[in-house]
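After this come two complexes, each holding chain A, first together with chain B and then together with chain C.
On to the complex of A and B.
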């Protein structure tokens, strides 16, 4: 074999590689140690605390977890129904509010004022109060043809409350569209309405998907507030069980239900964001 | 090299954390440690109290009539307030040595030290609950009563069977709710409410046909709070033995035997009966549902 063909690294290069390998190994070791030390330390901190036995008995009791699970699962369906009904209504109402707020025609001033007043007032009222006011107040009026089920009024209150928040999200999306887009639309001969419909809103909505999903997650959890009206949803079922058996384990169970719902949604948001980004770049890297 | 520094500090972290655990507040609850030796004497000075010289009593807020009066447990009016002061008197506490604290029902059984010596809040004694907390002997035996608006379907019921087809409701964590689930077993799941006020509102809003509560509460609701309501009837939940209200203590509290002694005295000298007549009377003519 000829010594010109077979290239072999110089001793210096070998030394470099060895050093790099050693450094890599060391940083892996450090990372692993740090991970173990911190989490084992935290676990020890909790487990060795004086009240741990009591807390484990009260919050992580296998028997009570199993006993409360079927009822919680059944009631959780009520939470799911509530936010599945509420979310589309919220999106529609909020977008309408946001568009109303960005209307510039002098004729539409009353609409703008109404939209501003709505978001200001509703966002100022704690959601739980809105639920109590609607849930106990509206059926009290005994209006003909208006349902008086607590589920209906809790869902309505959530729609009203959240549409005010989500309207602001949409508005920030609408206002984030660069003026050059509006100028381009005008140059193409689009009217204000058309510009909104074809240029501004589609881009704005894509841009605010992550905060929208954020509000959606928040909504899922706020369905628990319906319990104040006696809607027997998952958190209330857990509390009811807790009140009878003096054990808090069902709270942990119901928390796991909500987490199990939120994590896939977070991954879905990431995926959606990526897809929009790819589409906007139109294949460019 | 800065890396080396961080390698050295890492193992140091573990003892620090464990040290923090060691420094965490330990159990200093006097009641827990005294429970073995306690109960030897019920003299005022020997009682295992939260704050020595003071009897700290908990109850929920709002404190409902007729168990309390005007949402003020300190006035000695209402059955539970009166019983609490009578027990305090037996233990040797004057009225101004009694302090009341607000204890929401669902925090009364949280693990760890309590912020009261005992809690008096219409809490029914059940075996499941007695595993977590200690109860005094019962100071009142409650029967369940059904309340409905006059002239509605609920008011027509004359038997427990008549109730089956109705929309019923009660407060969470109460034996009233258990009575609906176990005794009446209605066709439709009962409505559950966070407190009695929500149940009353739902009744007036026609969201339920009837609500259940213990008899004295029911009487107060129908007589004072919702004048156009009526007590349809009362019944004893037949599951298990008689339901009784007891005072709630931290598990292992040395105070329990002393309070039990005090209650026994109050029962034998007729004080409990007198207080019951005074605050929970007028409920004799309620029909019994079969």
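On to the complex of A and C.
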């Protein structure tokens, strides 16, 4: 507009900006103080506890941390690999399951029934049991052309188990899309499958990003369950070390590895969600 | 035309609002006295809705002063909730809460913000719903209602807190003409009862009928304001005339 160059803030506005800045500063100060008080307090509580010296020796020992680090790092790569292979497979399988469940065509009823049965049964079985069943049972079948390594079956078990959970997450997203969206897609002449593909699923996926992340963090940690099959992943290696050296520091080291893996993922999903919100809602409220 | 007076309910001076580089409101001056009905007219994008949202503190303003009941509410230290609890706002898209019944929509703020008991809040809501011809709809969820019924329910929701000032943002714009007739008479009744209102509207004949002041907004400025007879029949500004030619039949 023509006056945007000519306009300069009134004294009242300048005063208000100053005030806003001061209010912001005040809340920053309060936030910082609260943060420091709470966390320093907690740290002091732990450090001054009577058993702290012994715990520090057993869990936070610099020497053992350094000694176990290379082996753990190497083994952790196996966890990462397992997770990286499993995750895309889970996404695809789960989305297929969710879509199969919401299919309405009479021909696809068997598919729907299969999808419902799959999620019901698989979600009912503890993941660790599924890993044990597949890991010890499947090689017994002596299937041709299928690897018999524990790594393979542990990963397969994770994919099967998690796709059942993630399918339900997708389904809740699909069902949360307002019927008016379906109506307007159908009114444009889109078929049921096209409606799902171009209208419903893209919106549903955006909506369920946070719970998806939740399941993936959980998946990352459950790669440790592969140790029950004797896979030499990070937790197994750490346990091995503690058994020989009677020091628990490697557990803390492994925990730090897992945390380091999940935090970037969390920040990434937050960023993704914010970007969608900015683009599609344009600050509307 | 409303003159500035000691007991003005709302006084806006030099209001400015911009989104980044885009200036959406500039140099807006407005005085609303008790029992005034101020109609904001102007084409889409002229800033009518933004002005209402600024008044309700839904948007931070970039300059100017808003005084409500003698207090400056554009001060950053002001308690926004306290200000809003005295204003009612109705949106173009109704914005009823879909997970609550009509009655629950209407009793939410009275109970949670104004501290009324459930019985008191429901009694008041039912009285108003009855008045607005919605007593049969009280226990239904908003999506079961027609557009006109939803907008009347939204009006009841705003009125249940007995607001000192009512802000109506193009409340008939999403309704078809038949349903407009369900909503406007209610607003007319409210005006006759002396409710102070600011409404953005496209209904010129309605504005002529109920307004005490009509403001014509163009590109974020109030180009002219005055009594409806003057603004709507004999406007001073060519732009106002142009706008009216487009929207008035004949």
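Keep this in mind: the second predicted complex is superposed on the first by the 240 of 285 C-alpha atoms of A that agree within 3 Å, B and C clash if a C-alpha of one lies under 4 Å from a C-alpha of the other, contacts with A are read in each partner's own complex, and residues count from 1 in each chain.
As a working rule, a residue touches a chain if its C-beta (ideal position, glycine included) is under 8 Å from a C-beta of that chain, and two chains touch if they have at least 3 such contacts.
It should be emphasised that the depicted structure is a prediction, and the values quoted were computed from it without experimental measurement.
Undergrad: With the two structures laid over each other on chain A, which partner does A:107 touch: chain B (first), chain C (second), both, or neither?
TA: Touch partners of A:107: none, neither chain B nor chain C.
Undergrad: Quick one: is A:7 in contact with chain B, with chain C, with both, or with neither? Answer first, second, both or neither.
TA: It touches chain C, and chain B stays clear.
Undergrad: First (chain B), second (chain C), both or neither: which does A:19 touch?
TA: A:19: touches chain C, not chain B.
Undergrad: For A:230 in the superposed arrangement: first (chain B), second (chain C), both or neither?
TA: After superposing on A, A:230 lies in contact with chain B but is clear of chain C.
Undergrad: Could you say whether A:148 touches chain B, chain C, both of them, or neither, answering first, second, both or neither?
TA: Touch partner of A:148: chain B, not chain C.
Undergrad: More residues of chain A are touched by which chain, chain B or chain C?
TA: So, of the two partners, B touches more residues of chain A.
Undergrad: For A:55, select first, second, both or neither according to whether it touches chain B, chain C, the two together, or no partner.
TA: First partner only, chain B.
Undergrad: In their shared complex, at which residues does chain A touch chain B?
TA: Interface residues on chain A, with respect to chain B: 26-27, 30, 33-34, 37-38, 40-42, 44-45, 48-51, 54-55, 57-59, 136, 139-140, 142, 148-150, 227-230, 232, 236, 239-240, 242-248.
Undergrad: Per the contact definition, I'd like the list of chain A residues that touch chain C in the complex.
TA: 1, 3-4, 7, 9-10, 12-13, 16, 19-20, 23, 285
Undergrad: Any idea which chain C residues touch chain A in the complex?
TA: By the definition above, chain C touches chain A via 14, 16, 18, 21-23, 26, 58, 62-65, 74-77, 219-220.
Undergrad: Applying the document's contact rule, which stretches of chain B touch chain A when the two form their complex?
TA: It is residues 3, 6-7, 10-11, 13-14, 16-18, 20-22, 24-27, 105-106, 109-112, 126, 128-129, 131-133, 169, 172-173, 177-178, 189, 191-194, 198-199, 201-202, 204-207 of chain B that touch chain A.
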